[in-house]
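Presented sequentially are two complexes of chain A, the first with chain B as partner and the second with chain C.
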Partner chain A sequence: MRVTSLLGPLALALLLAAPFGLPIFAMTLLTELVILGLFAMSLDLMVGYTRLVSFGHAAAYGLGAYASGYILLNSALPLPFAVLAAAILTGMIAIGVGWVCTLATGVSFSMLTLAFAQLLYAVSFKWTSVTGGSDGLAGIPRNPGPLGLEVLSTKNGFYYFALACLVGSFFLCRALVRSPFGAVLRGIRENEAKTLALGYNTRLYKITVVAIAYALGGLAGALYSPFAGFANTELLFWLVSGQVLIMVIVGGSGTLIGPILGATFFLTLEHQLSSYTEAWALFFGLTFIAFVLFAPEGIWGLAKRYLGQRAPEETEQAPAAITKAEAKPHG
Partner chain B sequence: MSTLAFLLNQSVNALSQAALLFFLGVGLTLIFGIMRIVNFAHGTLYMLGAFVGYSAVRITGSYWGALVAAPLVVGLLGTAFEFGILRRLYRRDAHAFLMVTFGLALVTGEAVRLIWGSEALQVPAPALLSGVVFLLDEPFPVYRLFLAAAGAVMAFAIWQLLERTRLGLLIRATSQNAEMVHALGTDVNMIRSAVFGIGCGLAALGGVLAAPLVTASHGMAASAVIDAFVIVIIGGMGSFLGSLIGALLVAFVQVFGNYYYPDFALAFMYLLMLLVLVVRPGGLLGKEA
Partner chain C sequence: MTSTRSLSRRSVLAGAGAAVAAPSIWTSAQAQAGNTIKIGMPLALTGPLGSVGQQQKRGAEFHTKWINDRGGILGRKVELLIEDTVGNPATCVRKAQEMVERHDVRLFTGITLSSEALAIVPKLNEWNSIFISSDNGDGRLTAASLVPNFFRANTSGPMGTRAVSLYLRETTHKKFFALGLDYAWGHNSVQVFEEEIKRMGREFVGKVFAPTGTKDYSTYITRLRQSGADAVYLVLAGDDNNAFIAQAAQYQLASRMALLAEQLELSTMRAVGDACLGMIVSARYAFTIDNPKNKEFVELWKKEYDGLVPDQFEGEQWQCQQVFVAGITKAGSIEADKLRPALEDLTIDDIKGKVHMRKCDHQGVQQGFVVKASKREGFSHPVPEVIATLAADRVTPPCNKMTYDD
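== the complex of A and B ==
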């Protein structure tokens, strides 16, 4: 049995056991980590598997957060249903976003996603009846239910709920990228023109993957607002988009696990550095620069190299006729 | 106020705003044209320019000294960054540049906080530029007129640099085919260093010019980098003329949008960008579709 195939169940067992061994502040951090991990993983579907580099993934997070916050504040809908509804709503909006953004490719695509997220950011200040303007939505409850179930509104209950969302989404994404659909996505990543020539409607695939990624990003956001108890305009700010992209890349894009590790790294570093020094962002920035220079394959790539293993994702191929795109000369 | 005076007043306002946006956008677009890099740190360098300008005014006692010192210092820093770090990454994909410049933005932002503190700092305009003039019997700040003029002069100067000088020729050639320029015996890396430095210096010039208007503050960076991206995307990545047109469009939309529909002013800029990209995905003058 390979070492890496044992890591997954081991990590899951540790995560499941965490509430029994960790103090309360650590559980808060861990819950946030699970939510951010889900957020980063959702972006990896676009960035790592389809090479659709989104600069505006905060849009998904913010949409999900505001939607679930609004539902929980204004109805008695039980927490799981409200979260799910917010995720589905985000995914549906993303169909429109994907339609517009996939008009462009490359850097222009990135910029369109950024424009859309900034548009939402601007709207969130002005549409006060829904978003609460610059105050945001505060006092978001964790509505009890379904069937009168109270357990999800407790701290640990909510953690398990978030963890279930992460694990469920992980298996969903893994099934997706291993399916024929995922093979076409990798074909688009390696050489879109060839994939198109093989008869795949690449634009339709791209819109679909944008919708799925936004729905899962929305799920993360929808978990965040009842976790934090508030939703504000900061969640839609471009810095969030930048940070989640960094998590994906630091962790190792195109691996699903990598971004979760990236989120862990990001959050832990932020937490540790901010307790030692006021100037944590300085060291934070230097760490990223060092990663780019010395560990371009990300944390997961480093781990695999260290363990001398290749993850199954890496050996999966795009459809046989689609080979690597010729390296484009820079400049 | 007569309609004509109002339009004139707002137009000069928009032109002075366009000048600041142009300094941001043209640097970004030059860097992208040569290096295919999206420089995330551009807004932070703009902010750095304002703070270096503040110190230069205090040391030299002259605003004009600051106008020279800020672009020079920031430009040299940019060149050093290209030389030390970016140069190792040209064989890698766009992700690497994105991260490394994001890291630079974090480091620079924090360094500014450590050196100058978290307070917004006043940079006074020189006495010569701090009065008002009367345009059609309406008072108007001289500094705004100065900005608009400075923008026009610099735009002309950069255009001449690109069209008439040997360096400009090499820059244009490198943006079209770097390998060929290299094969013809020119050190492309030197051009990249120079262009990255010039781009960073132009951002800093914008920052120090903006400082008397808005004070030097940390908030400058975030809005500046987004504005710069929007301008470059509207104009077309890598196009000099595009960045000029983009800056003018965005400035007029911002100024007039702010006057007529202050609630939606922020959204207008992004709507303009979406509209341009839907019609022309590569930007108005961009090559890439």
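== the complex of A and C ==
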């Protein structure tokens, strides 16, 4: 049995056991990490599998966060339903976004996603009755229920809920990229013209993947606002889009698991560095440059190499050579 | 080449592993709690309101040194935990949460922006913590958004605005315009000002809001000049105040209309120099306030900081720390359940005169001051001279409200 195939169950067991062993603040961090991991993984569907590089994924995060925050503040809808509703809403809006953005390809696609996110950012400032303007939405509750169940509103209960969302989404994404649908996505990534010539309506596939990625990104955002009890315009800012892209690239794009590791690395490094120096962003930037130059396959690729195993040439995994080639344009 | 690369990969991985696996953030820091009284201050030390956060930091540090030299509170030393939030509410919540969960902080002060404070207050009950504001202006904090564990020792935005409007009743300005920062405090104060002006029976011709951190105010100044107003009320702070006043001087705005403001810190007066001369401002604190306690405080401050005088938020922070001292001493504890009743209806007499922390909405009832930026011997820049002191019951709004009835 390969070492890496044992890693998954082991990691899951550790995550499940975490509330019993970690101090309270570490649990706060871990919950945030699970949410960010989900966010980064959702972007990987677009960047890693379809090479639709989005510079505006914050739109999904912010939309989800505002939607669930607004629902939780203004209704008694139980937490899981509110979060789910926000994710679905984000996915539905993303159909329109995908339709517009896929009119273009390459850099123009990226610019359109960025433009859409900045548009939402501007709207969040001005639509005060819904978004609270620059003050944001504060005091977002974790509504109890369903069936009077209060367990999800507790600190650890919420952690398990977020973890369930992450694990569920992971298996969903994995099934998706292993399916014939996923094969078409990889076809688009490698050679869109050829895939089109084979008779696939590539634009439809692209719109679909954008909608799914946004829905899952929206799910992450929808979890974030009841987690922090707070949502503000910063969540829609382009900086967030940049950070999540860094998580994907540093973690290893086209691997699903890599971006989750990237998010872990990002958050931990940010916390560690910022407690030592105010110029933590500088060192963070250097780390990012080092990754792009020396480890384009990301943390997950490195981890596999370190465990003495070449990346397997399976269909669901991106072959190492392609990952490398694809990482180059980012540098 | 190949070997160098693989070596680099390996070292990158090793570094990555060490950074993620070892860090102290995954462990508890509560073990070394000790017996100090910890006060958490998530401050905007950088960003557009960085100068305000820096003043709060200095004010609190000065007081902490002073009180610790006197044996602390209840025989326990005071310890400040200070973190930078850059003025972002989300960061502020995260840093405050870390203070509670990792360092067992139960007392907060100094949260710089009202938007940050509004994000923090819903969490206070869960954290079992008391937060005494030293500078948050938004009236809602002691009205619609009031929570049991929040107290405001400082002059609020509506109170500052009220002080200026009471002063304006004695003047002849007829048409007013307002310019505020585009967040909680700015909107709140401009709204109160508008109502006050209308109640006086004078004309309010318009208002405009600028994002925090605006560098170029020329378009706003053009709008002011075209408004036909003979006085403008500014609700700006920090870098925005500096930028606006400096530019307003270039455009000679003061020759067209009177400049009134809710805030004008000494740091701004130093930065813009004579450009601010003659401005009429509501002061939450000024070193020129005439009372013995304040004179003593200013002398102590000068000794510590090479002859510099304390700025607005340094004085406000001192007063807030004094409320902490009186409350904790009276309660004999820092537990929220004991400290809350002790703070309610507590009165101290300090650098701004009497402050009464009224029970009904946790607002500190205190005098209002109107100052004029004027020349004074011994200073190379304008300083705030107190031109009117307004009674506490005139400037403090009715309980749980942020507007006035008369």
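The rule is short, and it goes like this: the second predicted complex is superposed on the first by the 309 of 331 C-alpha atoms of A that agree within 3 Å, B and C clash if a C-alpha of one lies under 4 Å from a C-alpha of the other, contacts with A are read in each partner's own complex, and residues count from 1 in each chain.
Criterion: contacts are C-beta pairs under 8 Å (C-beta built on N, C-alpha and C of every residue); 3 or more make two chains touch, one makes a residue touch a chain.
As the structure is a computational prediction, the values presented were derived from the model and not from experiment.
When both complexes are overlaid on chain A, the residue A:F291 reaches chain B and chain C alike.
Of the two partner chains, neither chain B nor chain C is touched by A:N201. By the document's definition of touching, neither partner reaches A:S5: not chain B, not chain C. With both structures placed on the common chain, the touch criterion links A:L302 to chain C but leaves chain B unconnected.
By the document's definition of touching, neither partner reaches A:T154: not chain B, not chain C.
When the shared chain is aligned, chain C comes close enough to touch A:I24, but chain B does not.
Of the two partner chains placed by superposition, A:N74 touches none, neither chain B nor chain C. Legend: residue contacts after superposition of the two complexes on their common chain; A:S179 is shown touching neither chain B nor chain C. Overlap of the chain B and chain C interfaces on chain A: residues 125, 287, 291. Across the interface of their complex, chain C is touched by residues 22-26, 28-29, 125, 133-136, 138-139, 228-230, 232, 234-235, 264-265, 268-269, 271-272, 275, 278, 287, 290-291, 294-295, 299, 302-303, 305-306 of chain A. Chain contact summary for the complex, chain C toward chain A: residues 5, 8-10, 12-13, 15-16, 19-20, 23-28, 30, 46, 84, 88-90, 93-94, 97-98, 101-102, 114-115, 118-119, 121-123, 182-184, 187, 211-212. On the side of chain B, the complex with chain A involves touching residues 32, 34-36, 38, 40, 85, 88-92, 94-96, 98-100, 102-111, 113-114, 174-175, 178-179, 188, 192, 222, 226, 229-230, 233, 237, 263-264, 266-267, 270-271, 273-274, 277-278, 281-283, 286, 288-289. Within the complex formed with chain B, the chain A residues making contact are 53, 100, 103-108, 110-112, 114-116, 118-119, 121-123, 125-126, 237-239, 242, 245-246, 249-250, 253, 279-282, 284-289, 291-293, 296, 329-331.
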